[in-house]
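In the part that follows, the structures are each spelled out as structure tokens.
Same chain, two partners: chain A is paired with chain B first, then with chain C.
Here is the complex of A and B:
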């Protein structure tokens, strides 16, 4: 039966929370905080907190130039595809006890969707026909491959830990992972999960292309590489998806390793003795606030601090770092999880 | 509302693109010093970008030599509207000590509309920031006319 209320609810999920509006506001806010904190660490005053919002709206008002050598359709569609896949991805990540969409194997969907923004950037850059984009896209591909292996291993380790605790083998459902944590405490308290958590935190700057892993967008050597030919609206969308990616990855970390806080929030809200609907509402709101706070901490420590204290690596160094140090940590965690620590 | 938001934002987020038109490198260094922690132009939203397609303000240094003139004009034409052109130092404004040399085609205002001139050899960072702030005002006006 066709139900209007369900349609309205889904539209609300897509457009407002946890979809577009939430991603837009929190993502840009996070990158504003990032820029401010980096400035403070360099003893500067720094741009205002709302600077990414100003940048976004200014770029929306600029002329959009499509280069003569470009493939127009792909050039203009690529940024939208990237942003859309990030927003869909955000809806698959549970915010503590609240999940917009939940399926049997969201972890695998997340893995695929996480790849699309990078692929969209590669396609857009390739379509622009600029030699700078050519250099940038080869570097972006190497970075994606470098990050992908440890990410898969981390997700496998998590799936195995939750699966063996529930007696199911591997669990690939995000909502089951989060529910398990809210009943039995966060995964980060398991010995076997600590290396995986560290590996995931080290993947965040690589996946988001921030310092020192920003070889693909090295603005001082290859003019932001893939984005060199973009201007106006499409550039604004690319900048927005950069910011949203930070939010997505840090909320994925929170869902995978700190999901136990959901149980504490539910217990806290339950102690007020409200009706079920009101408790759900307040619990969800509180969960979102806690999530934003945690994302803020992750952004400050693993993006701003790392940005301020490191210089850009060469692309082969990025690859080597991810396939030795980070993959080693993830593998250690997987082995420990397999033997049930 | 959206239009007003864009207009206000145009003033607050001007991105710079720097073109060296045969400069002696003095002005180039002074421009970079504007972005250092001491003067920190980023607090006004200024950011140095590498591609002319991302820029709002084009900063030209140097006396515009024969070799550089076609490249300068081509780079400026790639900057999306609304844009603002700022000359930095005395060279692009008047030719400075290179005036009437066979290899110098300046001043720049013969070829494109220049919005702000920042004079000096090299101008002090304070003067540069002042000129750039003026350029953001002009940028906002240009945005408003649309």
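Here is the complex of A and C:
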């Protein structure tokens, strides 16, 4: 059955909410707040809140230069692939009770989709042919490996906790994880999930490559590394992806650990006594607003604050930090979850 | 039976390959005849296997074929038997596909070499040996086929004997390979002495319920013997040497076909021959060895700076995935393992062919001496990227579908058995996957991207025949990745069912009619529908592209003439020696290796490259296997 309404709805999901437009607005808004807050912490005035938007449109209007040594196709396609996969990822993360495509999400798929933006940046940088990008690539990949182990452990711990609580053994589906929390309260209330939540919050700055884990971009040493040769539109898309990744990771955190708020929102909306359609609409809207607020808190505390108070680490220190401290937390959580705490 | 009845197809496929080998000895002088015979032989083998899909996979028949119609007499199976069940056919399909593609690729790839008749003869002997092994119905024929394929593989490893290390690699392989073959022979003898038969079905029915210490020793001998064919830990150094030295088309056979014969034999032993053994301990052994192979080989690969050696270590790492999944003993695990075995043949074949293409044009596979070839060889580069994405398990390519099933299977097993060890296997598998990605990023960066070397300025794309070979593999990678249900329903599902119901195999040989038991499709607990995903990604990509196009693309190429004449990274290092740098093929992931330096230096010392050490490892592995089996069962 070919239904135009379904097609229109799908397109709406992809282009407006929770797809492209939502990611664009909220992602750049978060990064504007981040820049403003960091400036305040460093006793500077800082750029206006909308500066990332101005930057994006300004870069789009600039000339795009492709170096002669570059592999042109890969150089220009990489930013688009990275952004597209982030938007797809964002659509599979449930926003409380709202999921655009409920049946398809799975924690392992999310784990792999999270790799693609980093991989796109690596391939784009490699394709530019610049040796600075070569060094940036090495560091980016090591950071990805560093974050991967704790992330795997956190996701397995979550899958195990929900699985054993539901009596099913293991649950990998994102929507089941969120629905369980909606009915039974947030996962963060489980003792075993507290270390996992902390570990996940510590992974966010590493995955997004913000201070002090921004070895791959290190402006002072390797001229922004992977982005060294990028200019104009492709650079704008990479900067946008960077901002969207902050949103994606924070909303993944909310979905995994704070999903219980979805139940509260539903109960609140239910108490108004509206019709089902209107309740769904208002519930979705309210959920989106709560999500943005939570993302804002996570950005301020775990990206801006961390940025303001730390200096950049060396790449082997990044690796060591993630494979000892953060992995330790995640492992603790997995062991606790395994024995049913 | 008419000559075209499908009952004959298994023997036809083996005959075609061996007959081709002998005909090439006779008529190999002529280039046309030689190529024609090789092409026809491999095409007939593939055709026979494809024709068998309908009766065996869909109608679930098991073909028992007695050579010369000497069927069982007096309760003993004396004649030579071939028995083709779903497992055999599954491996037969993989093997014949890889052999066919490697043959198409060889036609142009081997142009520059001498002794082409010998090459094709050995090539077809190797292919026929593996084919005979997976279709054979008795243990002694399996041993004969192992001998044929080992010697063909040794000779082919040393085929380019003027190249550095080729003879050494062949010698190492010869020594340890012969130890393996001897183990297989000894195990076969021990079983024969006990059961007075070599037919699989009959052996299995006789020794079932009578597992005594001597059968356990026989199992250990056979297991170690076939491990040397699969190159799993501790036999992985041989693979690296052999792959590095052999021509690329032979690397495809060694990695995609020969290792599969080892995996097939281990599967056959565990689930059919020794089906009544206490499976728990054997499962532990397989999962343990598989996980160790996965991790050790991927870290060994990270330290390599030769394209083909790196691929060789990855090959064993992927075999580790297969072994782990097969060792789980669950339907999902077997299905996942077989799926990954199939994917491994395809993407590893593709990657080796891409390495061969690079070698064909530049004459080297040293990552430190390559760079920037993506612009000169766009097809090879694009096809290589498909292979790299598949092996790293990037959705929606085929590696992701099978790895995803493996993670689920190991995790499910851990939850069901309450054994945290299986959970460790899941974690190791996930980490291995990202390390695999890392080392392919390194290859991509140092071969296809980055600065081009002055001596490779006039490199051209490889001839069409080689591109066709690579494209065939790439097409299979994409199709099996996009439609995983096709594979699980029609190929791996039936094979997994056959492995879990060995009674069918035994009764169809001994009584002539199989006893059908339950049949299920094993396809993972969750929903993985890559087509929907791909559509979504496409739409999202389209949307983003429209936005990007509207924002005015203006491409100006900046000339960089005059710079970078000497060193690959002169720009960055100001002429400093690049040996100590962290860029390019040398030591790209320094940040990772720095933290693991003790591990890496330990591994470096361990892999001494001395064949005596590797022979010792084989003996130690055998002793450990015997002791473990005696204690555990």
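As a working rule, the second predicted complex is superposed on the first by the 339 of 341 C-alpha atoms of A that agree within 3 Å, B and C clash if a C-alpha of one lies under 4 Å from a C-alpha of the other, contacts with A are read in each partner's own complex, and residues count from 1 in each chain.
Keep in mind that, in the parts below, a residue touches a chain if its C-beta (ideal position, glycine included) is under 8 Å from a C-beta of that chain, and two chains touch if they have at least 3 such contacts.
Just so you know, these numbers come straight off a predicted model, no measurement behind them.
Peer 1: Determine, for the superposed arrangement built on chain A, whether chain B and chain C clash or fit.
Peer 2: Overlaying the two structures gives chain B and chain C room side by side.
Peer 1: Have a look and say if chain B or chain C is in touch with more residues of chain A.
Peer 2: Counting residues of chain A touched by each partner, the higher count goes to C.
Peer 1: If you stack the two complexes on chain A, which partner ends up touching A:64: first (chain B), second (chain C), both, or neither?
Peer 2: Once the two structures are laid over each other on A, A:64 reaches both partners.
Peer 1: Once chain A of both complexes is superposed, is A:43 in touch with chain B (first), chain C (second), both, or neither?
Peer 2: In the superposed model, A:43 contacts chain B only, not chain C.
Peer 1: For A:232, decide between first (touching chain B), second (touching chain C), both and neither.
Peer 2: both
Peer 1: Go through the superposed model and pick first if A:7 touches only chain B, second if only chain C, both, or neither.
Peer 2: neither
Peer 1: If we overlay the two complexes on their shared chain A, which of chain B and chain C does A:281 touch? Say first, second, both or neither.
Peer 2: A:281 contacts neither chain B nor chain C.
Peer 1: With chain A as the corner point, what is the angle to chain B and chain C based on their C-alpha centres after superposing, as a multiple of 10 degrees?
Peer 2: 110
Peer 1: Between chain B (first) and chain C (second), which does A:293 come into contact with in this model arrangement: first, second, both, or neither?
Peer 2: Touch partners of A:293: none, neither chain B nor chain C.
Peer 1: In the overlay, answer first, second, both or neither for which of chain B and chain C A:25 touches.
Peer 2: In the superposition, A:25 touches no partner, neither chain B nor chain C.
Peer 1: Applying the touch criterion given at the start, work out whether A:152 contacts chain B, chain C, both or neither, answering first, second, both or neither.
Peer 2: Only chain C; A:152 stays clear of chain B.
Peer 1: After superposing the two complexes on chain A, what is the shortest C-alpha distance between chain B and chain C, in Å?
Peer 2: Minimum over all C-alpha pairs of chain B and chain C: 7 Å.
Peer 1: Both chain B and chain C touch chain A; at which residues?
Peer 2: In chain A, positions 60-61, 63-65, 132, 232 sit in both the chain B and chain C interfaces.
Peer 1: Per the contact definition, I'd like the list of chain A residues that touch chain C in the complex.
Peer 2: On the chain A side, the touching residues are 10-11, 14-15, 19-20, 60-61, 63-69, 71-74, 76, 80-81, 83-85, 87-88, 91, 101, 103-104, 106, 108-109, 111-113, 115-116, 119, 122-123, 126-127, 129, 131-132, 134-135, 137-139, 141-142, 144-146, 148-149, 152-153, 156, 159-160, 163, 169-170, 172-173, 215, 232-233, 236-237, 314-316, 318-320, 323, 334, 338.
Peer 1: Can you check the complex and tell me which residues of chain C touch chain A?
Peer 2: 372, 374-375, 378, 381, 393-395, 400, 404, 407-408, 411-412, 415-416, 420, 423, 426-427, 430-431, 434-435, 437-438, 441, 444-445, 448-452, 525-529, 532-533, 536-537, 539-541, 543-545, 547-548, 551-561, 569, 571-573, 582-584, 588-592, 594-595
Peer 1: Under the stated contact criterion, what part of chain B meets chain A in this complex?
Peer 2: Against chain A, chain B makes touches at 5-10, 12-13, 37, 40, 42-45, 49-51, 53-54, 56, 78, 80-82, 143.
Peer 1: Applying the document's contact rule, which stretches of chain A touch chain B when the two form their complex?
Peer 2: Contact set of chain A toward chain B: 35, 39, 42-48, 51, 53-58, 60-65, 132, 219-220, 222-224, 227-232, 235.
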